[in-house]
Amino acid sequence: MSSQFPLQNTHRNGASIARTTLEQTALFLRQNWLRLSGIAAALIFFFALPAMFDQIFGFSADFELHRVSLIGIFIIAAFAQNILTGYAAQPSLGNAAFFGVSGYMVVWLVNDLNQPYWLGLVAACAVAALLGIVTGGPALRISGAYLAIASLGLVMLANSILTLWDTTAGRESYLFNNIPAALTDDHSLYYFVLWVVIITLYLGYNLTRSRIGRAFTAIRDDEAAAESFGVNLTRYKLLAFTISATLTGLAGGLYATWGGTASSSMSSVDQTIAFLAMIVIGGLGSIIGSILGAIFVGLIPLLLGLLPNVITVGTVQIQITTLNTGIYGVLLLLALIYFPMGLQTIPALLQKFLQRRKQS
Amino acid sequence: MTIIQPLLSIRGLTVQFGGLTALNSLDLTILPNQIFALVGPNGAGKTTALNCISGFVQPNAGSIEFNGIDILRKGCSARVRIGISRTFQSGQLFKSHTVLENLLIAQHSAMKADLFTGLLPFGPARSEEQRARANAMEILDMLGLTAYANIYAGMLPFGVQKITGVARALAAKPKLLLLDEPAAGVPHEDAMALAQNLREWRDHFQVTMLLIEHNIPFVQAISEHVCALDYGEKLAEGTPQDVLKNPAVLEAYLGRDDTQKEDADDNSHHS
Amino acid sequence: MAAFLQVTLAGLVTGSLYGLLALGIVLIYRATGVLNFAYGAIGAIGVSVMYELIARGHFNFWLALLCALIFSFIFGFLLERIFARPVLNAPVFTKAIATLALALVLQTIADQIWPELAQSVRFATPFDSITTRIGGVYIRLTDIIIIGTASIAMAALTLFLTKSKIGIAMRAAAENMSTARLMGAPVSMLIALTWAIGSLVAALAGIMEAANLNYVGVHMLDSALLYVFIGAVIGGIESMPGAVIGGVLLGIADNILALYLAGHTLGPVNIGDPGVRESIIFAGFVILLFLRPQGLLGQRQLRRV
């Protein structure tokens, strides 16, 4: 055991700490080349995607691209859930409440009150943030499974109220007629969402690596130790609730824009669990996990929809459409069993694989 | 003769858990740059005393003055800011963070970055971050941990975890460092080397150390002043030689079965 | 007054079913730390098997009931072995989402086997038409049987867990898996047994719900499941009696609210709308948890430093 103790202070070398900026940059590039090239490749892919879609799918392309934009919206919502659950370790399932309320707010402000779109979006985020603070405060008193179910109750409450609003107003759902012309076309909507996702994730990346983000993850690792170094548990948990609600509000506003309508199904139990499913599949406490999880949950049903309706094996005809949900469930199970820490581990596994190839 | 202003002055500290008295009117005076050891069997009230100083336990009565300031009503974060930091008996490192990040989290109170500056890749938050990193690397270098800077704390071998706990507490730039059983689970030779190192770090970082400990040879090797507790009361106080030879102290350690009082000590962990 | 008693009776009937389901959920939660979102689907499959035996196998009602319960017991056991075992040591969220995936799979399978049960199909019992009237309150024999069976089942389960050797071992395994294993308890078998009993309870509650509503469907327990979760949490999810009390309270509150809100309006809002009732219940639930975070009978957790 004595070899475990790093007690010899032989190699003290203050000079090794100070490096020039150039050297630091070079070191950073050397250590992160795989990640950086991955990001670059992903950016090129997503910016070029609409062009490729046109070539591959021809006339039906716009519809598919429209569906791809939805995945972008899910990425924001998944990251929001991840800040709360993956980083700050609050097992809250209430995010769909903010998602729905914000969707209705945007439509109400822009449609009925004739406010500019950007103002509607910002105001909806602000309302979501406020709701996040109002509900997050008391939620701090609740922990574990209680918080999960209590926040589920919040979603059902939002769902009932929004449904009631619709029934009282005598409509099926809240149609969004006043969407700015620039966002009604699928290509521009795609790029708008893409930019919002990039900016959100970039700022989010900075935040998670800052003093604030570290306070979240310190609370997750050890509340008592975090508190002993001055991390105010109440303040930071509440902050996580607020940031998460705000981003979910942003996603909700975009979703209403995307679908051209806000409906109470945005605040459904299925929707809120889908957000949790995204980060569980992708990986808790990880940005890449939020992205991969949202892609998994958003893309698999899309791909299953592309399967032929009926497959004939020998003389047996299999109705694929009726099996979609089950196939999706099986894929979900397989992902959870083989990647219990989420799909975020794929890049690391890939890196290990590449290094082993290099060595041999 | 000059009177030295004490760094920490505890008067009449009393803590009760339910009907159980964990500490009964304890007085302690710790001088600057002293290495002060609090010893005693399980349930003596050592951990409770430490928790009172670091702010995890509110005493029922008594006063705690640090540098002449009453800190009794201050929360954990205020106490870190004025220069009290601690280690934990079981390490309690931030496992999903690297050693370097552990030391950055320890500087939380000293840093100012808020939500909006934290979002940006430049500006005051970043330069502050650079300074915090430099401070952390300096401490890691001094403690011989540089090689572990980018290793996740959860993956460190036991011994390195213990030193990392000390490094983390030092990163908060404390005037008073509270060490919760630093030598627990450490083999004898390593404990002696650890005592030597802690003295060296005390000199280098100009820090006062208050430690609670079971390991008597370790206490003898490191401390300059010892206070022995039993059942929440002070048994003896003075130089290590005097206190550790005191018949009452020996009796408390050897004459009784430790296990009867486990409960009391367990209670003192709750807050 | 008669109307009030009538809805209280209805509330007691749904409440005892919620309580029974909540008990099954708490049982599995304590043993494996899983919030089982597939619980409704598991129960529905038990009911569907009974329906199959009666409708196509022309079984007698009671024989079909017995076979369905035995099937559910074995089914729960197999589910644990095939499905829950691989994720037993996964993080808690992974397990919860895995049960959700399981629910999707089970529902698809059920939809394939019983396409007609996607809609509600009539479910008849031998005691359907027997009704009596006491002081203006109509009491169906079904009501008495449901309340009686649910109470007996809940009491039996509680006795089994607290008094029997196997039950005590199951609880020990739930408290601390590795310690129980060190002490020689067959932990893996006990966890499978928990799922088996849980599945049996789900089927029993599902069949009684079918008798109560007089219809059967693959999705019949879906909406009840959320109420059941809420009931379990109101009571305190670590506490079995709490789960029962929570479920019963919720069932009664729902029915009584339905009675008093019906036919009233508040400005433009029709407060007889089920949405208003749900809003009140969910809001009440959220407020209750804010006031008493550990549920009615749960223990407040101490923090260790």
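Going in written order, the chains are labelled A, B and C, and every chain counts its residues from 1.
As a convention for this text, contacts are C-beta pairs under 8 Å (C-beta built on N, C-alpha and C of every residue); 3 or more make two chains touch, one makes a residue touch a chain.
The model shown is predicted, which means the values in this text are computed figures rather than measured ones.
Closest chain to the protein centre (all Cα atoms averaged), using per-chain Cα means: A.
Chain centres computed from CA atoms place B at the largest separation from chain C.
Between the CA-based centres of chain A and chain B the separation comes to 40 Å, rounded to the whole angstrom.
Centroids built from CA atoms put chain C at 50 Å from chain B. Taking each chain's centre as the mean of its C-alpha atoms, chain A lies 32 Å from chain C.
For chain B, the set of residues that touch two or more other chains comprises 56, 88. Multi-chain contact residues of chain A, defined as those touching 2 or more other chains: 224.
Annotation for chain C: residues 303-305 touch two or more other chains.
Remark: chain A residues 85, 91, 138-139, 141-143, 145-146, 148-150, 152-154, 156-157, 160-161, 163-164, 167-168, 223-224, 269, 273, 276-277, 279-281, 284, 322-323, 325-330, 332-333, 336-337, 340-341 touch chain C in the complex.
For chain A in complex with chain B, the touching residues are 1-2, 4-14, 16-18, 203, 206-207, 210-215, 217-218, 220-222, 224-232, 239, 243, 285. Contact residues of chain C toward chain A in the complex are 29, 35, 37, 83, 86-87, 90-94, 96-98, 100-105, 107-109, 111-112, 226, 229-230, 232-233, 237, 268-270, 273, 275-276, 278-279, 282-283, 285-286, 289-290, 293-295, 298, 301, 303-305.
Listed in rising order, the residues of chain B touching chain A in the complex are 54-56, 75-78, 80-81, 85-86, 88, 92-97, 101, 104-109, 111, 113-115, 117-121, 125, 128-129, 134, 137-138, 141-148, 157-160, 163, 168, 172, 186-187, 189-190, 193-194, 197, 200.
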